[in-house]
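I am attaching a structure below and will ask some questions about it afterwards.
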Amino acid sequence: MNPQSTIAVSTRNPCRMCTPLGAAMVFSGIADAVPFLHGSQGCSTYIRRYLIGHFREPVDIACSNFGESSVIFGGWQNLHTGIHAVIEQYHPRLIGIATTCLAETIGEDIPQMIHRLEQELPEDGPILVSVSTPSYQGSHSDGFHRAVKAVVEKLAQPGPAGRHINVFSGMICPEDIRHLKDIFAEFGLQATLLPDYSDALDSGIWNRYEKNIESGTPIESIRRCGQAQATIEFSATGDFSTSAGETLLRRFGTPLYMLPLPVGVRQCDTFFERLSVLSATEIPARFTAQRSRLIDSYVDAHKYVFGKKAVLYGPADWVAALAIFLCEIGMVPVLCAAGDHKGTLQEHLREHLPGTMDSITVVEDTDFASIEQMAAGLKPDILIGDSNGYKMSRNLNIPLVRLGLPIHDRIGASRMTAIGYQGTQQLFDRIVNTILEHQQDNCSIGYTHL
Amino acid sequence: MNPQSTIAVSTRNPCRMCTPLGAAMVFSGIADAVPFLHGSQGCSTYIRRYLIGHFREPVDIACSNFGESSVIFGGWQNLHTGIHAVIEQYHPRLIGIATTCLAETIGEDIPQMIHRLEQELPEDGPILVSVSTPSYQGSHSDGFHRAVKAVVEKLAQPGPAGRHINVFSGMICPEDIRHLKDIFAEFGLQATLLPDYSDALDSGIWNRYEKNIESGTPIESIRRCGQAQATIEFSATGDFSTSAGETLLRRFGTPLYMLPLPVGVRQCDTFFERLSVLSATEIPARFTAQRSRLIDSYVDAHKYVFGKKAVLYGPADWVAALAIFLCEIGMVPVLCAAGDHKGTLQEHLREHLPGTMDSITVVEDTDFASIEQMAAGLKPDILIGDSNGYKMSRNLNIPLVRLGLPIHDRIGASRMTAIGYQGTQQLFDRIVNTILEHQQDNCSIGYTHL
Amino acid sequence: MVHLARHMQEKYGIPYIHVSYFGIQDMSRALYDVAEFFADNEVLERTQSLVRQEIQRVMPEINRYRQDLQGKKAGIYTGGAFKAFSLVDSLRLLGIQTAFVGSQTGGPEDYQRLEAFCDEGTIIVDDANIMELVRFAQETRIDLFIGGVKERPVAYKLGIGFCDHNHERKISLAGFEGMLNFSREVHATIMSPVWKLIDSRNRQAGRN
Amino acid sequence: MVHLARHMQEKYGIPYIHVSYFGIQDMSRALYDVAEFFADNEVLERTQSLVRQEIQRVMPEINRYRQDLQGKKAGIYTGGAFKAFSLVDSLRLLGIQTAFVGSQTGGPEDYQRLEAFCDEGTIIVDDANIMELVRFAQETRIDLFIGGVKERPVAYKLGIGFCDHNHERKISLAGFEGMLNFSREVHATIMSPVWKLIDSRNRQAGRN
């Protein structure tokens, strides 16, 4: 018995962001909605600061600004005042209330408070949606999924069946959202993407100061989620507890397709073939051409990546999708490190990567101190994950391909795509060229032709 | 008087490729056409090898395979045999014959040989187009433009005026060609892009072995160039001697718009506004949104690039367009080095960059030995050009953003875009992130947030 | 910090003086104050010599920037009011006029002092929200906004240069070298040509 | 090269021997030939010891690759015929069968020797053009093509692994270390999973 195994080790440099951050992203991506944190002002400042650093866009997050007395007497008064202030300032149609550690720890009864608020608000007042997101329970990715589920639970209505498709993409970058919308349009499918922060968190230059809450998924579309032809939800880990698609399946019988994130040829094929079935049309030529060129580029570069070892870190859904993509191109994801905890990552990879699991270490609920320690022993050729891995990259002299959130030491986080054949192409090129650059720059003779 | 100024200095590491290479690219981008070099086999091997290294695609270039006797008695017999072999093997509709140094030096009378060949070929035999491309006269870029002009001179026919637009883009990457086609389609404009090697030099995986000559600009479309509404030709240096648009203007009165390469907001604006006028429609929302987000990203990154010094090298047209783009974002193109010789680069930049020429050195017809020597003194922050600058980049420890041809030490040369708001966005991100990466990696404390 | 110093004085008798290290004026004053505290001629002389050297070192570059920046306008919004004085002063050295200045936590006394310290016409702002700041910024047509990191994207969206002053900065603003850093950054953000691209099509008012 | 050596022998009486450094067999043979030339027992012993050490060093890794590669098929097309022998031999060491082999400049004698050297059923190709090579490659369903850099993209387009042998290589193929390099590269290109993506939709014949 290892005596150390019973000692609780504190988290050192967590490989995840706070849970309400994900919820705030979701509420930012709903039209006429305002994200609202129930807790102290530091939490909203921290989250705004990270979202601003990543997206480089104005981000508005309201807060109930807990003080000492709120902690003692409860936050009802602050919530009440805050909600009314938000209504006065923004005239929103929805307020998305995410709780913080503090609010959850003192045991705030949010459903009851929402009920009280709803009773006093006028008929045409904003919809109030709440989601429980203490950071000691889950990651920013969990907060994201839970917020989508909370919105759908509150809003989705029964009604006559339509042809539209619900798309719960999980946390992807704005350019990937735009690409998804293009894909559905090209298939002739009407899609409700929830959330859609492709404008709110990646807008162009403004003509005048805006409150920046108009863009995003329309509330009417969310109401009609229960009448959709089907739901597509990107999730590799099959976590029903945070699945909005599960809510719709259970309540309205809406068929649910839980697909892996469409990264890499095979995972994209699964997605595109599903769209082909749902739309009863062939896959449009534009995408088959992208697919063919993507495979052509795989072939062109296959010797540069074969057997190359990668360390992946981030949310489990992303780590799973990336690991399967890397194996498809001949790389070995020697360490698959999820910052969140699903408990299913190992099993999912074993199922999709039979026979290669011997060379793959899977960990969940880990931190950067552990990842770096393991990575040092595994001697990988590349790291793939968010900017928080830069310190490790520098310590180990292993190049880092930035993907995920936060990315605060490069520009264009909103455009670091991975979704679809097109996004995969960009990611693939970045991975291969990062490997080539490192080899070339560290080669004593300096290759000029490769 | 500097006595050295009278001493002829030999070229050391030329900053250009051979002239017929450009011509071969043009003929590769015409449907059912085969490029044919009149000269010795080494020339076609060299050019194939460079094009293969850059595009990572099969490249077929026929050759008249000069031997010792051809040099003494002339290459007629070889040309004759070669052309007939090409006809038998490929059944082409056009053969594009580019001369080499050797053929030109021994004074081959190509027009007369073409005439003889045409007389003996059957009615439905291939069209023969020839272009004079000795490498002691011009660069690959000149060879490219001259071949376009030669094709247009041979094929364009008078006829009833149409609404279509001729587009002579010069040497741009396949993805940029596809983007140009998308742009014209979105404006509802029918365009003849000459050449169009977006498939021939960037195809997907094949189902079966192909001769790979079917794709490209249709010969019928080239015939109708003289009946177009207008010609758009990308050229910053206004060189009429290699302008196919000039041929059409002179012969058929086709209005000619010689525009800079659409790189950067302003040069793109000029292009998009022209298309708006030609199509009598508003600029589509997709592009105004791209423009707005591009400017937004300029703003987000403006402090990272302000005053940063760049050394640019490559063909004059590209150097000109890039210099103007860099000034637009606040960088200083301290050295603008053209490998070819137009004689107009300095003047063009002076006209477009008034007041900043004091800090810009302009050279034409230069080589890498000279560029490196100058660059060492100028202490730039970044180099922009093809892979042949890697040695300089390594020697001077200045990062290189790869653009142009050849790019043989990275994958995806076909996708390194620069054209339109979309291509500019990709180029801009690459430039900024290369600067940030170099700063971060060379910073003793290692920035994590920027 | 002042609280801590006062406490140490009361409890242990350690004297303190109140200085600002931001801006050439304040930095020089701070050095002299320290030197004067010790009332030692040699220290004073060495301090004078140091200040002279440093000013000679940094002023040529600062003067070059001033040529570009003369007549530009700025808005300042800080956490505490104390920093605002140094910023107004440093901008003045660069030829930049402060169009409005305010803080989140300043008291009436601070604002009176600020009003006296600033040029005539400078608007003094007390605890404004972002929409009010935007209104001031647009009405006064400033070229530069100095605020916290979270105001940055709003300034950028509106086509206004920006410099942050808060604790997350990587490049120091303190001391003579800090003044150079500040000048470079202010110069870069105001003189960047990217704003022209916004003016040309998007900006409403006739600002150029 | 042989021309030069012969000339030097004729003119200066410098003897020469003809060796290949490519492949374990040839490399060992070359070392022994040199040792035997000097007819010195000590040299011979040291050579034997070196060859034994080197083979012990490289074979475990090569054996690992052979486990994956056993039964795969290759096509070879070289400039001169000489190199072809070494390649057939090296592939054999990796368990790979040569389905066809040819060269641009080989003579009748070379081809006779090649035929004898290769396994039964190996097609001997004389000066083929690319279309003929493609036909052979598809008919014999090879997993690997060994040719010059310019054949690479054609092999790739058809979904066939590739290894080049010409002068532009950056990674050496000569000697024992070169055999390791060769084995790694052949293993990488044949075992890469990317080919499966071509099979699944695009490849006509039932090759898997």
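Lettered A, B, C and D in written order, each chain numbered from 1.
Methods note: a contact is a pair of C-beta atoms (placed from the backbone, for glycine too) under 8 Å apart; a residue touches a chain by one contact, two chains touch by 3 or more.
The shown structure was predicted, so the numbers you read here are calculated from the model rather than taken from an experiment.
Novice: Given the touch definition stated above, what is the smallest step count connecting subunit A to subunit D?
Specialist: 1
Novice: On a CA-centroid basis, which chain has its centre farthest from subunit D's?
Specialist: Most distant chain from subunit D: C.
Novice: At what distance in angstrom does the C-alpha mean of subunit D lie from that of subunit B?
Specialist: 39
Novice: Could you work out how far the Cα centre of subunit B sits from that of subunit C, in whole Å?
Specialist: About 49 Å, centre to centre.
Novice: Express in whole angstrom the distance between the two chain centres, defined as the mean CA positions of subunit C and subunit D.
Specialist: Each chain reduced to its C-alpha mean, subunit C and subunit D end up 72 Å apart.
Novice: Specify, in ascending order, the residues of subunit A that touch 2 or more different other chains.
Specialist: Expected reply: 53, 56, 203, 205, 295-296, 299-300, 447, 449-450.
Novice: Using the touch rule from the top of the page, what residues of subunit D touch 2 or more other chains?
Specialist: 153, 156-157, 159, 198
Novice: Connecting every touching chain pair, does the picture come out as line, ring, star, complete or other?
Specialist: Contact pattern: none of line, ring, star or complete.
Novice: Going by the touch definition at the top, which pairs of chains touch each other?
Specialist: Result of the pairwise touch check is A-B, A-C, A-D, B-C, B-D.
Novice: Show me the residue ranges of subunit B that touch subunit D in the complex, using the header's touch definition.
Specialist: On the subunit B side, the touching residues are 45, 48-49, 52-53, 56-59, 203, 205-209.
Novice: Looking at the complex, which residues from subunit A come into contact with subunit B?
Specialist: Contacts found on subunit A: 53, 56, 202-205, 289, 291-297, 299-301, 304, 387-388, 390-391, 394, 408-412, 415, 425, 429, 432-433, 436-437, 440-441, 446-450.
Novice: Once bound in the complex, which stretches of subunit A touch subunit D?
Specialist: Residues in contact with subunit D: 265-266, 295-296, 298-300, 302-303, 306-307, 327-330, 447, 449-450.
Novice: Going by the contact rule at the top, pick out the subunit C residues touching subunit A in the complex.
Specialist: Listed in rising order, the residues are 131, 134, 138, 149-150, 152-154, 156-159, 198, 202, 204.
Novice: Inside the complex, what are the residues of subunit D that reach subunit A?
Specialist: Contacts found on subunit D: 153, 156-157, 159, 168, 170, 185, 188-189, 191-195, 197-198.
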